[in-house]
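Chain IDs A, B, C, D and E follow the sequence of writing; residue 1 opens each chain.
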């Protein structure tokens, strides 16, 4: 084993509480009656994971999570849900499909988790020297402009495509179309 | 007589096919052009005959034309010419000429029909002359597309089913051949896919279940489907009954022969040690015998005339298969001779019946009767070609069958004995047709549709009948042509038997 | 010795056939008949010249034959077949018989077919038949003999089916061709044995094989000899209408009478025996087959005679009498004397042709009515036909000094020498039956009152028809002199000719009879047959419906012992049904079914799979998760 | 100590590096121009000429740089070798040809499709060059986001919207799994670079081996979704049917080419093939998609759905060959290129048929409705469609046969005879559904229904242009490619 | 702070995998498209947490940079998906995924 300082010690109470709360909020998203409540519980999960990042020392990531993810995307969801004033969507219909899947997804996932937890030292620490500032904004941003320079540029085009696409889609909503439900 | 002529034998019909595509407007001009196109083709054939006769190379399959076509795929465009494929090319050119005469004045046969026909000719001559496994495979498959469209578009009622079935069966066979070629292609010590380098390929191992055996089986299956040998013959009756006259004549006259030629060239000559294994030769003889007997019984059962003739060619090709696997010079040369004889006799039968069918549009035997009264000359020609196909001495059919049975008798007398019953059954079902069509009172169908042949139709039948009569007595000329090539093949085969 | 003339014997009738059949095709019987007769006469002339050429040549037995090499028909590997014509002593006699009787019949049929609408077809087929028969006789190689053999079968098929409007004629023609083809299989097997074991197809070299010691000891398997002889016998039984395969001959009477006379009496049916005589040294190498020939001949003679006795149609009576006489020839072969058989062939050709032509002129007179019950009292209306018919009948029953007497007596002598008294008595019984039914036919036709208005109005046919009758009558009286038994002096022309044709390969004839025995035999046979003849003459004059055979046998014999029905039931119907069944099973159900079935199966499974594509995104996502985890799990277990 | 903005050691652009990047630069310029054109509501014709010129320019530059330039590295996020250049060139070629006949929806001037198309092409060209998983993920997203939008081009028609909704939802769902997979890689090896991962993969032992296998399985199944291998192909038929014809044909051909080549490059770079079970997994998917895809295609009655399932079958063929390392790349590229061009012809002729039969633009034709075509369409198109379908089926004289032959020879070389048998059965079944769709056009008698005058006849002209060029390219490419194969094989040697 | 016997790494991995599983379950079962999108965000969140844990574990910034890329891509996808759902609900009146089954077979 490398002699680097073991960065990850025992987990403290704060992380455990926040983690469990995040899971509860996630279940809330899935099982909430109305879309609005599930949107709000989504924002809750996002905030709680942000707390986990802060606990971990990844302050930049936490801030980004709070500002962009929880702040912008979740809000967008809430906004759209309010816009479309949907009828309260019925409880998720488990039906045979859902249950079968639940069983499957759960087992698959827990097999992986058990494998992870049962086998100690599955992931021996990384080779770089464990500087605590690995997750700092400086390190991440430096990373962006060196190894991931081209992907960084490419995301520019990604966003451009998204914007142009949304404009295109928006245009079609306004104009009256001869399209009616049940086109022959 | 430089080798370019032999290559032109293939490219000339292909070029003409594209020319014909431009003759879209009037049919008449296209049909006359199609007839005239055959003259230079005959000239090229003549040049290749001179080239063949002058070439003294005593090797197995003298290469005549060679240019690199696919350096990457280790194959080059090699064409060979020897006693085995020359007669077949000649037959192909001759039959196509007769059919071009027949096509004059037929308003149904458009210029695209003639173009597809020329493509088919190019592909079949190509596969006859190909001396490279890859080039052979390309021409072999290229024959499928024009034939598929010929049967599919110009055929009669359920032509689509017949065309699809024909394509599926032949494709199945040629996929087996593709696997064999692939296996040869990846061999480490193979220099080129040429016929000679495959022949010398040593390492494939010998005996049953060795890789060489599987490659042999790959090639064999493709040819058995094409021949068609007994279990794989179900496509032939449908293809023949639905195909237009021209297509079924060429199908019987050339395409089926390619199966026999393929076995002679690509199975017996290339892998003699496998062909001689008694398991292989025994199963092939059993298949051949089954083809003869069950083919004849099949023919007995049909009420549709074209299906009976189709089943009869299954029986005749069963004879040829027997001749090939008799490992005797007499049997082998008999099979090659029967190739031409069967092509002429069945071709004539289909052509004559096609002419009658063009007027009466029915194939049921019960509708016919008393053709002898309506058109005595045509019925006389029909009886003559029936006699040729039964194998009456004095007509070519007999010489082929006699040599084949003589050859088979030497090594396997019982097979020869049972094969003779094929001759008997052949007489039964053929005479049943003759009695149904020619003799008896004139049937209502023949009364309402007068059979009056145009000049071009007579022109298309007469050369075939003359060829048959000449070949019946002058057979030795043709046997001499195949003598040298088949002697070397048989010499190798018998060498393997002694080992 | 090379003699170019032989090919013209062959080409003349061939040219005639082509001229009539393809070029002229004119409607009048006179012109096409003339062309045909001219062709056969030319052939007759050339053959006479050839025979004189041959008789003049008296070199050593191995060389005294004429050769006319034409071309090599086929040669590949061990099969070498030169198309050469060859004239030996035995073939010269046969040649004369064929061309002679052939020309007579041509002349006869000019008037016989005067009112037909396409006589050119008949004459071209008749000429073609002559050509084929000449090839059969003149060929030097067995394969070329086979060419003639099948060619003759083809012409008999065409001629029997000449009046093709009536379906039963064409059915009879087909039956003849197919039964002959059964025989041809035997001939082919013999050819294969010859080419593969005896390394040659040439008749002369084949005969030499018998006595060159080197070849005999070279280890040819015994079964080769037996198959060769056995299959030749099988071929002969088909062509010469013996027990198993004689059924086609009575039906062949559906053809015009000249055809029956020429083909089914004189020439074609005897070709089987002629062939065996030519390769006799080889045939004799397997005594079992020779005995088989004896018993086949004997049983055919008896069966045919028994049927002939109760027939009402005059041509049927003559047909069955031919079958029975052929039985006699086989008995002669079986008794080990091809000379007697050959002699009977020649005499039989003459008087049987005479009988048929006479019957033909009777039928012609009676406006194509063949039933004897309608005839009667024709002796004063058709005088010349009556006399000729009488001479023919006398010849066939072996009236002393007629042709039949000498040849039948020689056979009986040979049988007595070889098989002893029992064989002799059996054969004698058959001879007596012959006498009975021949005189029955004679008296029913010519004596007693006219039993129908046709009989009243019957008139003598024109000279063109009765002139050949007279010639034949003359022949059947004096042809017998060619071979006299020892008792009458040593004039054995036929035996010398037959023996000399084996290229010096002598085969010892059976022991000779003492003079006393010969006298005794001659006396017994002629006395007995004359008494039987007289009695049947007397009985049938008074009572035309008299039944010679006792009741159960008579009914059987009128229905030809149900042999045709038996063949149909036992052989033809089951094999056809089995064939159709096998073909239906193998073609329709299995392989076709397989092909279509596999196509339908893929179509069906495709439709089944389509159900998975419900169209909703969530099912697609479900599939994604389900399949990936399923395969990952499976592979994990697999690699564990 | 201040870090200069560009750390030259990692991200250094040499003086002649712009030659290597010139095609990308041209693409960037193209995107900019087209966005401006979109904002100015340019008409279709202008958009078509612009996009065609940019794309063909990029293709020419890619092929030109193939001969002149050697390998070009840009940190671990791009490695431009000869193979990547051929792939990129091919993609630009396909995009250029399919952009020729894109028609904006009839009610509103949708002129954004040019920009989206170019961005999608950019993503596809970059994908094979990625040498770390983060770059791979980003390029994958740059590729798929515009794809979702492009398939929603006719956004007033329900079919097009439904297709894009399905494609988007499935795409997002699957990219989560992809992310989980690469984060597992990161967990095991500590870095996203392919070399580091290959080191970790070889070092992995015991339970970690299974973890790597799950990571690879997750990554491969999400890429298999993109390429529509069997278990994950359900979206393909709906999107091919719903999306507008030129977009569907472009996506069908180009995505397969780019994703398959990037799988070969990335997986062999990371040494994932020698993890136990991976090659078995890939071959199993290949066999499933060949057999079941062919069976599905046999029952389809619509041409575009049949082409979707034939896409599954051809993807299956390539999957059979994949797990044999880098040497397989040239044959895979050749095969997929010829496949893409043939599919392009099919969709082009389908579009012409739509115009001539006067159907609405997003309608898709029943195969046996092609019968009425005989009277209205000149036989040239039918011959073209026949040529394309038979080339897809792999009938010898046509280029499709040669590339399939080279592909199958890889199987034969590694003596994987069972797979060869499966491939041959697939070709045989392929014969079934390709011929069955040819039959109504060629073999049924022509029904001369009334001739409709199609108002957009002008676009027909461009369609013919496309078909002709594609046709000639196909033949030309089919043969010369094989000669070129040898020279590129040397180039491959690092 | 009071520390529990469980290692920080293992706990965080458990939380992130659980989040991913819940998100997947929600995506497959919820009838409304919007909820499905939210579940999608959940799954992405799970992956982010997994990444950040291991980024810290291996103390390498790569994980974090992928985190940022994921946030960016999620934003883009959400934008497009929501606009499509807006059109679908405005035009065809429903956001339920199962109502859009016209393309099938």
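Convention: a residue touches a chain if its C-beta (ideal position, glycine included) is under 8 Å from a C-beta of that chain, and two chains touch if they have at least 3 such contacts.
Because the structure is a prediction, the values reported are computed rather than measured.
Trainee: Taking mean CA positions as centres, which chain lies farthest from subunit A?
Mentor: C
Trainee: Which chain's mean C-alpha position is nearest the mean C-alpha position of the whole protein set?
Mentor: Chain nearest the overall C-alpha centroid, as shown: B.
Trainee: Going by the average position of its CA atoms, which chain sits the greatest distance from subunit D?
Mentor: Between subunit D and every other chain, the largest centroid distance is to C.
Trainee: Need the CA-centroid distance for the pair subunit A / subunit B, whole Å please.
Mentor: Centre separation, subunit A to subunit B: 71 Å.
Trainee: Measuring from the mean C-alpha position of subunit A to the mean C-alpha position of subunit E, what distance in angstrom results?
Mentor: 5
Trainee: Per the centroid of Cα atoms for each chain, what is the distance between subunit B and subunit E, given in Å?
Mentor: Distance between chain centres: 67 Å.
Trainee: Return the distance between the CA-based centres of subunit A and subunit C, expressed in whole Å.
Mentor: 103
Trainee: Mark out which residues of subunit D touch at least two other chains, giving numbers and ranges.
Mentor: Within subunit D, the residues that touch at least two other chains are 134, 138, 141, 145, 148-149, 152, 155-156, 158, 165-166, 169, 173, 187, 190-191, 210, 214, 237-238, 432.
Trainee: Quick one: which residues in subunit C touch 2 or more of the other chains?
Mentor: If we look for residues of subunit C contacting two or more partner chains, we find 610, 613, 615, 617-619, 621-622, 625.
Trainee: Going through subunit A residue by residue, note those that touch at least 2 other chains and give them in order.
Mentor: 97, 101, 105, 112, 123, 126-127, 142, 147-148, 151, 155, 158, 161-162, 165, 169, 172, 177, 179, 181
Trainee: Hey, which residues of subunit C end up touching subunit B in the complex?
Mentor: Listed in rising order, the residues of subunit C that touch subunit B are 21, 71-79, 83, 118, 121, 143, 146-147, 150-151, 154, 157, 161, 164-165, 167, 170-171, 174, 177-178, 181-182, 184-185, 188-189, 191-193, 195-196, 576, 579-580, 582-584, 586-587, 591-592, 595.
Trainee: Under the touch definition given earlier, write down the residues of subunit D that touch subunit E in their complex.
Mentor: 134, 137-138, 141, 145, 148-149, 152, 155-156, 158-159, 161-166, 168-169, 172-173, 175-176, 179-180, 182-183, 186-187, 190-192, 237-238, 241-242, 300, 305
Trainee: Residues of subunit E touching subunit C in their complex?
Mentor: 24, 27-29, 36, 97-98, 100-105
Trainee: Touching subunit D in the complex: which residues of subunit C?
Mentor: My answer: residues 599, 602-603, 605-607, 609-610, 612-613, 615, 617, 619-621, 623-624, 627-628, 631-632, 635-636, 638-639.
Trainee: Could you pull out which subunit C residues touch subunit E in their complex?
Mentor: So the residues of subunit C touching subunit E come out as 610, 613-618, 621-622, 625.
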